[in-house]
Structure formats: structure tokens, C-alpha cells
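This is the structure, below, for whatever I ask next.
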Amino acid sequence: MSGAMTNKGDKPVARFGDGVKRALDSDIFHSFLKSPVTIVASIVTLVMILASVFAPLVAPHDPFDVATLNLLDSELPPFWEADGDARYLLGTDNLGRDVFSPILYGSRVSLLVGFTSVVLSMVLGIALGLVAGYKGGLIDAFIMRVAEIQLSFPTILVALLINGIMRGLLPPAQHAELTILVLVLSIGLSNWVQFARTVRASTLVERNKEYVLAARLIGVKPFFVMLRHVLPNVMGPILVIATLGLAGAVLTEATLSFLGVGVPPTEPSLGTLINVGSDYLFSGAWWITIFPGAALAILVLAVNLVGDWLRDALNPKLR
Amino acid sequence: MALLNIKGMRIEFPSRRGTVEAVKGIDLEVNGGEIVGVVGESGAGKSTIGNAVIGLLEAPGRMTGGEVELHGERIDNKPFQAMQKIRGRKIGMIFQDPLTSLNPLFTVGQQLVETVRTHLDMSEDQARKRAIEMLEEVGIDDAENRVDQYPHQFSGGMRQRVVIALALCAEPEMVIADEPTTALDVSIQAQILDLIRKLCKERNVGVIIITHDMGVIAEITDRVAVMYRGKIVELGETAQVLGRPEHPYTKSLMAAVPRSDVKLDRFPRVSYSDGEVKQHQHIDIQSHWLGKAQAKTSENTGPLVRCENLTMRFTSRYSVIPSWRKYFTAVDNVSFDIKRGEIFGVVGESGSGKSTVARMIAGLYTPSAGTIYFDDTAVSTLKTDKELDPFRRQIQMIFQDPYSSLNPRMRVFDVIAEPIRHHRLAESKEQVTQIVEDLLEHVELGRAAAWKYPHEFSGGQRQRISIARALATRPRFLICDEPTSALDVSIQAQILNLLKDLQQELGLTMLFISHDLPVIRQMCDRVAVMQNGKIMEIAETETLFTAPQNPYTQRLLQLMPTMNFDVAV
Amino acid sequence: MLKFIAGRLMQSVFVMLFVGAIAFTLFQFVGDPINQMVGEDATQAEREELRERLGLNDPLIVQFGRFAANAATGDFGFSYQHKRPVIDLIAERLPATLELAGLSIILALLVGIPMGVYTGLHRYGVLSKIFMTLSLIGVSLPTFLIGILFIYLFSVILGWLPSFGRGEVVDLGWWTTGLLTLSGWKAVILPAVTLALFQMTLVMRLVRAEMLEVMRTDYIKFARARGIANRAVQFRHALKNTLVPVITIIGLQLGTVIAFAIITETVFQWPGMGRLFLQGIQSVDIPIMSAYLVMIAFFFVVINLIVDILYYVVDPRLRIDSAKGAN
Amino acid sequence: KELRWAFQTDTTSLDPMGHNVTFTFSVLGNVYEGLVRRGADLEIEPALAEKWEIVEPNRWRFHLRKGVKFHNGNDFNADDVIFSYQRINNPDSNVRDRVAGVTEVVKVDDYTVDFVTEVPNPILISQWESFFMMDKEWSEANGATVPTNTTKGIESYAGQHANGTGPFKITERTVDVRTVFVPNTEWWDKATHNLTKVTMTPITQSATRVAALLSGEIDMMYPAPLQDIDRINNNQGTSVISGPELRTIFLGMDQFRDKALGTNTDKNPFKDARVRKAVYQAIDIELIKKRIMRGLADPTSIMISPKLFALSDQVSRWPYDPEASKKLLAEAGYPDGFETRMDCPNDRYVNDAQICQAITAMLARVGIKLNMRAYPKAQFFADINRGKQDFAIYLLGWTPSSFDSHNVYYNLMSTWNEKTGQGRVNYGDFSDPRIDEITKLILTETDQAKRDKLILEGYQIVKEQAYYIPLHQQAVVWAARDTIELKQRADNQFHFRHVTVK
């Protein structure tokens, strides 16, 4: 929070050790320690992130190595079922891929796309929303009209547009690496409006409150008024939207991939795994979709719990 | 049997940085028809007692001991729902912060009607009529129209009166009034006190009045309790306690009450501190950080602030159709100027436009008409930040409502440090910390306060935070809107002395708004009297107090409560 | 205020023009409509001819000019795929979509707000925790999966509700409604619930977050101190103070649900606009897509305008710029 | 008896000449009829023409059936045939190819009509099931003489109303929601069905379609998703009906670029027949059939459905043999294989993307690494089609609309000719002079045995050179309640006249 903010006037004397000590001593950290649910939730999140980052070390199979795929092994149930195979802990999918390993690898794409796109839309939305709400007038009208234009385009079309532009701009050799960027950009760009409008609405209310007037009187620059005074006080709804947006982003990624602008089907992501698997839900092979679905649900739950806690922790009255 | 009986009440606020014991075992009895005053140091735990009685202690506060009985029935352990029947109906509560106590999204009328109808069996129309009556009773003009306005359209004192009306409208048997008159001018104050006295005598209502204003205590209370650091140090008949105080704290308190009859150079201080007599540190302004002159002082010699024909019209009723809109002229063609190094006082009726003038000068409101010159520059016509910036730091304001002027999510340290950091008034991080802590010491909050959030403070303490913040910019011109209304006389003296020092040694110019006429007399060089948006009279302070010209001024001075007790120190 | 509204509507024309223009640029990337219109064995000459006839060989700017000029007269052209005027197609499907969207938003509010208030008040309650967790599971499963699960449960296994369609529809001339028949109501339940799940969670969590803060304010404390009934404190005083962000989000969600309830409409074979649009994208039906996007822009402009006006209704402090004196 | 059934989309239009889509013809085939029709086994039967003869090599004479009435009561006669010809030949028509090469239609008498063609055309009537006869008077009265045209803003009356001679009439229609048919009691043929009402509903999502069938809301639906077959069969009272489809799924390869796209070599490996054969032999088609197609596919060795070519059994597939593949690759100079890319649709054919993925896996095992891209058909075709041909190896399906090999030769196998459009779908751009020769010969060869020999020769060349890698005929998969008895056509058309409800 505010305590951690630096100012140009301060000399950069803070030593690393100081920072750590200060962080460990902060109210936020203490309220963290007081909330076992949050601790569990953040450990879960962390484990999922680590597991996906180190997927090559953890995963029993390499889903990228198509050569190991064997159709003969397709649709094996999880190992504890009668026909299960110990090689495939959670069973295999319709193509004979292990279900467990792609979840690990798939979380990589999903987490990367999910987190970065949410952060992107959050930063963009907050910035524009604050400016629109705080400055008002023509700037506000302009930003909000741009928002409306943006709203009119579903993510799918934005993705197609960005995909097209990228393909046009860059040599074909780099297209493969671009897919993630395309996903992040298109999901991020499609969602900033939610943040912007919410922030703007709350800013409209906050900007005439006396503490904002007081800050203005001190001569604090508008940028810092928005950042230090208004923003912390409009953070509540933003965290809600952001944490829920994560699930949305992961699922949108799946849709986009299916529509051909995302990662190729040979490269799993949580969303695509769920998507593909859902076709098999009722043919008996429930594990293909349920396990990635559960992975996503756990992730979303954990992130939301952390988000809930953070929102409370940021409000000194609620600690 | 006593109406309200508080036995051995103990309250603490646990926190990670240690537990604040706000109330340390208090016994207090109030009988029907009796008015009990509570005075004491700011932060002594007075408000906390009030909150605890109606069971609305703020988390993490909790009552660790004692009992509260109403009509002999214990109420402090009643379930929430049962308490809801007592609150409002049996015990009416007036909170200390009138400005934040009103729901901003409902009209004053809606809030009154709702309260009335919750407790009294009345139809919508009857309730509305009663609401208007109540508003009239607390002295709000034009109540018919005012009912339908929202709290933000009311002045500070008017909101305070609305809060009083809300607390009294359901005819409670017991009233706890926490600083009910801080923002009221003497004439309205008299009216409110009358109202309370009348309730008390006619309907046999028991009243606890918490206040810093010894005048009020003297005038209305039957008994008085003096609190110091969470304990009642003295309790007795008012005349007895005020006239012949026994406890050293009470003695020193009485000694510090500003005199209304003569002008002294400095405010006397309470010298008692936890059993020992405290040495007051005197700051040497010249060598102090606060005194380090700012580079630029202008060569102009004219008045520092000049207001010409200031007018402010508010839209009082908003409508889609322009011709249905109603306007309200809050400040009407006001002109005056403030000389360099002068303390310019503004007194006047509640709602007369004092805060509005202050806000216009500070640049928070854009006047409907008129011009404001600061240092011979027409600041009210400046638009861009770049043009305004040089003036921002020179003009500072202490808001009437300290609580809402503090960002609830910032630590006190950051609140005070912000202007220092922002204007680079300090060389290093360490110095910032040092300055902040020093400022906190000067407003008697102590270093530890730096790490708390605004909601963890008492009313008076918040006010001191906002004073410290205003000083942190080292302003040339300071606007003080009721700067000491929530402060006990001792701290009031400390702060006013500090301000005076700044004025005398650094030539700080001030616009000083207050209801407290004795304080005005001690502080100000010249005074303007306002009524209904107009300035009725401007005069040298002594001239005004000794030979008021305007009838309104005369009435004000007449009503000034006087203490007819001999003060023995 | 009237000036404000008029000004906004003026701006909205620009928004719509812009959307149209971007839409046209976009279609470059969606695919070639010709492939969808002719069989795979159509000859090159046939393709060229069709392309020429559709004006697809003209520069984009010319195509857009043509579109904008026609659109101004209410003519959005012919759907390549359906061979009917786009405006008719949209008009035909609008009622279904609006009914579905409206019901789901109402549902989201009716459930979301009380649950939000409840969980906000009983922060540590067991029931709150259950609500909070369950709602998240609803969010973290893809819509189509939820839809299909619902269908299997309520149609296949229990046989209570229809799995697709809109049921019996009553034609009122200018509007077709399924809300006048029992089968219509039965049919709308599953899609409306599916669609509402996400908004419900959002509303609930938003309300909860805001409630937590509002309940700590002094005016709530004072309302309590006046003995105002609990319900009134919570649902009148507190709730109203949480509304500004909630209204904002509801507005956005309503627009999104009207415009892009594609997956729900597809799963439940709901004859609404979302499906029309999806088909439009899949078959690169440029007239449908552009008309649709422009119409959606209009919807958003109007919804946002209403939301902005609602701010003023809810919060009197926003009604007038109180820092400015009236002249 | 009522029949309620669902397909994945609605017919886009009721105009018989407005849209060239199999499903539209399938639905309209219940309402409209052509001079000829096809039976359940796709054999050509007389319909509105009782019989026909080729009076001169390029003049066909049709003897119309007498006493046939349109649904509105009008008589059907030669004028209607001529009108229908003119309408289908209108520049706005989407199905002009049905009468391509016809220079003139001559009314001989009220019930006799001659079609004159530019050159002799032995397969003139092969696509005439969907050359529907419309009522001249009705069309003129309602201003529907011109087919629906999108650009000119002409929405034909016929787009939303139907007036045919067929066994069913449309009584109610809400686009995308429901279309209701009732039997035409005046129909000229003897009704073999026992239906009183047919309700058609589009249900896009296959899971919903399955659910609607399982819950008894509909009686019949298609296509049925392969993975749900067991579920449908295990359900009391429903089962799946399947048979091979005419469409051949195959792989094509870029054989014209000097350096293949996305490859790590500096050559185009697919220009080498050995590499193509290596790819061929690396694919275990039986496994794909078993696992991905759930048994519902017929692996094929030629580029046309065996049903449409008598000698199809004379060609066999190259056996699945990864070892042989590796050897071939080594011979061709790629002992360690190579890398390139693969393009696939993901919503066009049955389990298309999965097939591709399985193939990537199989090829990986012989050292060919394919980077796969799968995307929706609109984009896929835009990228694959002539002009762009943005692929190295791709998956495609083909049904000869004339049900004859010539169509396959002409479109898929002969050299690309910019002027005539011949070889347009030969996206890989290989060129084999002998195949070009055969293409020409079979167009005019009227001796069936000789013609078949020629055709066989061409298919054999394709196999030897592995110009294409045929995979399988995907199956037509329908599902219905057990009370429904129906005949399934290999071209995926559903005609109610073959339905009886128990």
C-alpha cells in the first residue's frame, strides 16, 4: 500500500533486507498469517504455478512429443478404475494422450494467458477509467465512446483482427510464437472496458470527497491523486472483476484456440482440454474433461480466495 | 432506580501493535430528568463510552468488563435484535461526527421519516410533518424545502443539527449527545441546549452530554464527570466540580479555558500530565523545520488575499427542465481582504456561507461570480494545473470535518508525509520520518500514531492529524475551518499557541473560522461577521468585542456563554 | 439533461460509424465469403463472377461507403447466407434474445443481490462460504459444459424441461413472446439459468465486496443507533450505497448477454441473435456481421447512457458538479 | 403418425435454385421433384419424367408424367419444365451447373421436352435430382421468376414459400425454429410412408441433439456424433443407423513449391514420390477407424467412393508399414525425417482435427514432424483454396456431385488449367499427362467397360505415385427411435417418403 510507495525525492537508500523486514512486518502480511484459508489458497496457487512451470520435470509424459502417442491407448480410464493403466494416472484422452501431463503443460498456457491478459486489461482499464472519471468532460466522453466501440466487438473478432495484423506484419517463421501474444492481447483488450467503466463509476463518486480535495490542495499532481488516493478506494470491485475474469480468460483462450487463432490443438491448454473432453463426457469417458475442469476450478477458487482476502486486507477497517 | 447505570465499564481495542485500553473501569449513573456532562482530554474515551452503551462499539473494540443497565435491566449482553428496539426508541444517540453520520444517498427528510416511522406509529404524511417540525426545532430555516435536500447540500452545523433531530425524533427516554454543538454558533447552540433542557424537564429524559465546551457544561448540566485517560477522575455537582475542582487535572483544565473578557497573548496550558506536572517544550520556530523559510516571498506589499464580489450559487433542486431548477445563494456578493501576516477571523451563523467562502479561496469551489486575488494574482481565473501549482502549496486548508478529509486507506504517516515528499521539503527518507514524528508530537499525538489508520482515532485526534498535514506544507496562508472544535481546551491551547507562534515569527497569514468567540478574541486581528451569505460587519477584534455595531453581532456577543465560577487553580 | 442526452446520441452516431468501419477492416481476416456461398466444386470463373457481383473486389473504403449510405436509410443489405434482408433477420430474432437476456439478468439480480448482501453481512458464516464456493464452480466451468450438464440432468434424466428451443411462441405482430405459454416458460428456464450463473456470481461478489465496506461506515452505524430495522439498514441504506459499481457491471453484462450469448443460444438452440451472429462469422456473412456489430454498438451506447443516468438517480452527489457555482 | 426430427442447421432458403447446399436439396426433395429422382440406393428413377431417351447424341427427350399437380392445384407440364430450366439457368441462380452445356430446351408437346446439349454428355441427368420443377404460373403470379439474389436485393417469394409436386407440403415455417410438413394427398406416386405430420427442427449443438433424442423430444436426428453412439444404442428405444458416405477423406500434399512451407529442409520433400509413399505407409488407417471413427469409416484406396466405381476393389491400399516408410525416407535422402506443417479443418468433417492429430503422431514415429494447425472451415478453405494454397500437407474431403469419376478426375486429379478451371481442386498442383489424357477420354467414352478400365488406370497411377493419400469414406450416421423405420441414403439426404412409424 501507501507505505511501500516511493517518491522521486527519496534517495534510493532502501536496502533489500529493509524491504523484506518491512514486508514481513506489514499489516497485510500479518492479516495473511491470520487467515489459514488464504494461506492454503495461496499455497495451492503457488503449487499449480510451479507444477506448470516445471511441467517437464514433473509430468510423466511429454504431450508435445507426438511420437509417443499411441491411439491404442486411447480412452483409458484413471488408474483406479478396472481398465485403468498405471502409466496413465488420470487416464487417457481420445487420442491416447495421458490426461495428467497435459493438465500440467496446459496450465502453463492457461496461467500465462489468464494472468497476463487479466493484468493487461486491468492496467489499461484502471488507467483509462481513472482518467475518465477524474478528469471528466471531453476526455471522459472520448474514453467512454472508445469503450463502447470496444464493447461492440466480441473477443473472437478482436482476436481475428490482431491475428491478421500480426500475420501481416511479421514473417511467417515467427507466427508460432505469436499465438500466445495474440491471445493475451485480444483477451486483454476485450476486457478492459469492464474495469474502466467500474473504476470510472467509483471515481465519479470519490473525486468530490474531501480527502481527494485535501490531496489536491496539498498540490499533489492529478496522476498521484488518482494513483494514491482514488485508486485504493475503488479497488474493491476491481479485485472482484479481476479474480473472476481470470476464469473467463482461461475459458476464452479455449474458444479462441478452437477458432484457430490460439494455440494449436497439439499444444494443450486447460481450456482446450476441457473443450475437447466435453464431447466425451456422456460417452463414458468423463475423465477427459472432468480432471482439467477440476484443475481450473481449483485454480479459480484459490485465486478468488486470495483475491477476497486481499480486498479485505487492503481495507484497514476490515482487518 | 437510575435510568441508566454504567458499572465498571472496561473497553479495549486490541491490535497487533498492542492493545489500547480506552476505558478503564467507569461507573456512571444518570437519572431521569438529569443532565450529566462528560468532559475530559481528547482521546480520553468519552465517545467510546457512548458507543458502548448502545452496543455499537466499532470492531475490534470490545467491552472486557462491566455492565450497562437501563431501568435496572442489563442491556450490554442483549442480542442484536433486542438492542435494535432500544436504540433510537429508548436511547437516542448523537454521534460526534455529524458529517459522516448521514447517509449521502437519502434526503434528510427520508432519513427522518424513516426513523420516525420505525418507532412511532405514524403515517407517511404525519411523519413528514413531524420531520419538518423537528428541523424547525433545531433551528433550520426554510425547513419545508430543506427536508428534501441531501446531506451534502447542508453546511456542517446544519448537518449536526439534522443528526440531533434524528436522535431526538423518536422521543427517546435517554439521550447521549457526543459533542452536539461543536459546529454551532452561539445562538443556535443556545437553542439546541434549550431544546435538550426542555426535553429533560418536561419529559423526564436523562441526558449525557459529552463536550469540550466548559460554557455548555456550566450552562446546562446538573452533574459533571471529568475523564482523563480512560478513567473518571472527578464526578460531582457541576457547580462544585467547576467551582472547586479537586483533582489536579480538573484544576488545570479549568485554568486553560480561554477567557472571553480580556485578550491574552497566549493560551494558558493544562500542565497536568498523569500525576506529574509536565514541562511544555517550546519550539524555537526559527531553527525548526517549520521555520525554514521558503525561498520565495513576494515583494508585493498589498493584502495577501483580496476577495471581490464573491458570489456562490448552488443548485438546490436539480431538475431535467432548467426552469424547474432552484438555486440557493450561499455567498452573496462578499468582498474583503486579508493583510499579510494577519489572522482574519470569520464568525457567523451556522449555514451563513463561511465554509463556502473558505473553499472558494482554497480553489475547491469555482465562484459563480467575483474574483479572488492571491498575492495580486487573480487565482480564481487560473485554470491549468501549471498556473495553479505555485499557489497550491502556499494555500492550505484545515477542513471542518477532519474525518472525511483523511484518506481512510492511508496511514497517518503517509497522510502527513505526502506534502513533504511531494514538494520535496525534506532531504532524505529519514528526515521525512523525523519531520512527521515531530509534527505529531507538536499536535500531542505521539510518534506511535504514525502507524495507525484514521479510523483508529478519536474525533479530536483526527482533527489534529489534519492540522499536522496542513502544517507539513509550510504554507504562507492557512485557512482554518473550525480547527479546534473537537479539541479539549488543553490541546486547543497547544495548537493555537503553535499557530500563533507561526504567525508571529514567520508571518503566516490565516483565515480563521470559528464559533468559539473567546478563541476568536484571543486569536484574531480582525473579524468578519457573516449572516445569510453576507458580511454584516468587519472590524478590529477588540473593537468588535467591545463595541459591536451590527445588531446581529451584538446578539452573538450577548449569547456568549460565560463562566460564572471562580476559577481556583 | 436533455442536452446531455442529445449530445450522447450524437456521439453514438460516431461510435456506430466507427464500429462499422472497423468491422469492415476486420472481415479481411475472417475468411472468404465466396467459399461459403458456392460448393467446393464451383469453378474459378463462377467464384470470380460472384465476387464481382457482391462487390467484394471494390476497395474496402468503397464497400464501406456503400454500406454506410444504405445503413443510413435502414437498409443493411442482404444476408449472403440466408438470402434475406439482414434487418428482417435481426428483427425476427431480437425478441427471443431480449427475453432470454432480460430474464437472466433479472434472475442474476434476484439471486445475486440477496446472496451478496447475505455473504457480506455474515462474512464468516458457513452458509456464506458455501455460497461463495459454489458460485465459483459455476464460473470456472465453461458455459457449454454447464448447459449440457443441465440438459442431461433436467431433460434426459428427469424429463422435466425441454432441451432445446423456445417452446410455444405467441406472435403479437411486432413481437414474438414465449412468456405467455407454459411451454415457453419451461423452455426459457435452463438457458436463462445457464446464462445467469456468471452474472449472478459477479453481482453477488460485487455486492458482497461493497457491503463489507459500506457496513463499516458511520452512517450505517448511526442508522443502527437510531434503531432502524435491520432489513432496512441492510437493504435500503447499505445496499443503495453499493449500487454504483453494481449498476455499471449489470449494464455491461446486459449488453454482453444480448449481444454475445452465443454459446448459450447454441447449446439450447435458442433462436436468438447470438446464433445468427455466430453463423454469420462462420459463413463470413459480411452484411450480417456488420449490421449486427453496428446494432450492438447502438445497444451499448443506449445501455451506457441509461447507466450514466442511473448514477445520477442513485447518487445525488453526482447530479450537479457541486464544486461549480451555478451562473 | 408424426415425425419430429432435427438436423444441425436449418435450410437456408426454400428457393430450390437459391443455394447449393446438400441439406437444402435434401429437405426440398420432399416438397419439390425433378424430372428424375434417386432411390434409397441412389439409383436413378423416373420421377416427373416417366421415361427419357437420347434421340441424338446431344439431344435428350423427356416424356413427362401426366396428371401431376402442384401443391396449389396447378397442372405440371412442359411449360413448367422450360420455365424451371430458364430459372435455374438465370445468372442469379446458384445451381446453374446442373444444366451446364445445355444449349436449348425445346417443347415438343405439352408433355414432351427435348434438352439439347453442346456436346454429347452421357452424365447429363446425374445431378438432376436437385433440378427441381417449379410452377410457372405460381412463380409468375408471385414474382418469383428469378432466384433469390443477394446483391440485387431480390428476395424471392420462393425463398419462403414452396409449391412443388412432391410428397409433402410445407404448412408452417419459422426460420431456424421449426418447419412443418404434411403429406400431399394428391401425390402422383403411391405413398409408402405412414406419416401425417413432419416437424423439422434445427439443433446445432450435437450434444443437445443427442439429448433431445434421448429425452424423446425428437424421433430422429442426424448427424449423430460418433462418441455418443454407444450412449444412444444403450439407451432404451433409440439406436444409431449408419452406412458409408460418398465422401472420400484424403490427404493432399504441396507438390509445386521448390521449398515446402514450414520445413526444415531446403527442398520440398513431397515432390519425391518416395516421400509421399512413406507418408502413406506410415498411417495406420485401421487404428484411426477403430479409435477415432469408432468403426464407422471404410478405409479406402481410391479417390472415389467404392459405391460409385465398379472396379474399386481392383485397387488396394499400400499396407501400413512404418519400417518401409523409414526405408523410403532414407532412400529419398531423409534418413532422419524432416519437419513441415499440416493444415486441418476442425468443423468440416467427422472428427477431422482428431484424425489429423493421430496422423501427426503416426508420422512422428517415422521421423516426420508435422506442426499442426486446425481451424474452422471458413478460414481453412480461404487458406487452402487455389490462389493462396497456403499449406504443405492438408486434409480434405470430396464428393463427386455427379456421382461419377469424371468429376474426380476433372477437379482433383488433372493438371491445373487456368483458362478452363480444370484441376482447380488439385491444390497440390501435381501434373500427370496420362491422367490428363484419361480425363479427356472418359468424358466421351460411352462403352462402360472400356471407360471403367481407363478410370481404373488413373486411380492406379495415383496410388503408385501417391499423388494423394486416400484415407477413408466417413460414415453417414443417423440416430432414431426404434419405432422409426427409414432408409438411409449414402449422400446423407433424408427423404420422408421412406419413413414408417411403428
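In this document, chain identifiers A, B, C and D correspond to the written order of the chains, with residue numbering beginning at 1 in each.
The definition used in the following text is that a residue touches a chain if its C-beta (ideal position, glycine included) is under 8 Å from a C-beta of that chain, and two chains touch if they have at least 3 such contacts.
Only a predicted model underlies this, so the values are computations on that prediction, with no experimental measurement involved.
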Identifier of the chain whose CA centre is least distant from the whole-structure CA centre: C
Comparing A-C against B-C, which pair counts more contacting C-beta pairs? A-C
Intercentroid distance (Cα basis), chain D paired with chain B, Å: 87
Intercentroid distance (Cα basis), chain C paired with chain B, Å: 50
Whole-Å separation of chain centres (CA-atom averages), chain A against chain C: 23
Measuring from the mean C-alpha position of chain C to the mean C-alpha position of chain D, what distance in angstrom results? 38
Among chain A residues, those touching two or more other chains are 278, 281-282, 315, 317
List, in ascending order, every residue of chain D touching at least 2 other chains. 207, 376, 379
For chain C, residues contacting two or more additional chains: 30, 144, 148, 152, 216, 281, 315, 317, 322-323
Can you identify all of the chain pairs that touch? A-B, A-C, A-D, B-C, C-D
Contact footprint of chain A on chain D as seen in their complex: 206-207, 210, 225, 227-231, 261-262, 284, 287-288, 290-292, 346, 353-354, 357-358, 360-361, 364-365, 369-376, 379-380
Per the touch rule, the chain A residues reaching chain B in their complex are 1-3, 5, 7-11, 13-14, 27, 30, 209-211, 213-222, 224, 228-229, 232-233, 314-317
Which bits of chain B are touching chain A when the two form their complex? 16, 362-364, 385, 389, 392-393, 395-397, 399, 401, 404-411, 413-414, 418-419, 421-424, 426, 428-429, 432, 453, 455, 466, 469, 473
Once bound in the complex, which stretches of chain A touch chain D? 65-67, 69-72, 74-75, 94-96, 172, 176, 258-261, 264-266, 278-285
If we count contacts the way the header does, which residues on chain A are in touch with chain C in the complex? 141, 144-145, 147-149, 151-154, 156-157, 160-161, 163-164, 193-194, 197-198, 200-202, 204-205, 208, 236-237, 239-241, 244, 247-248, 251, 254-255, 271, 274-275, 278, 281-282, 289, 293, 296-297, 299-301, 304, 308, 311-312, 315, 317-318
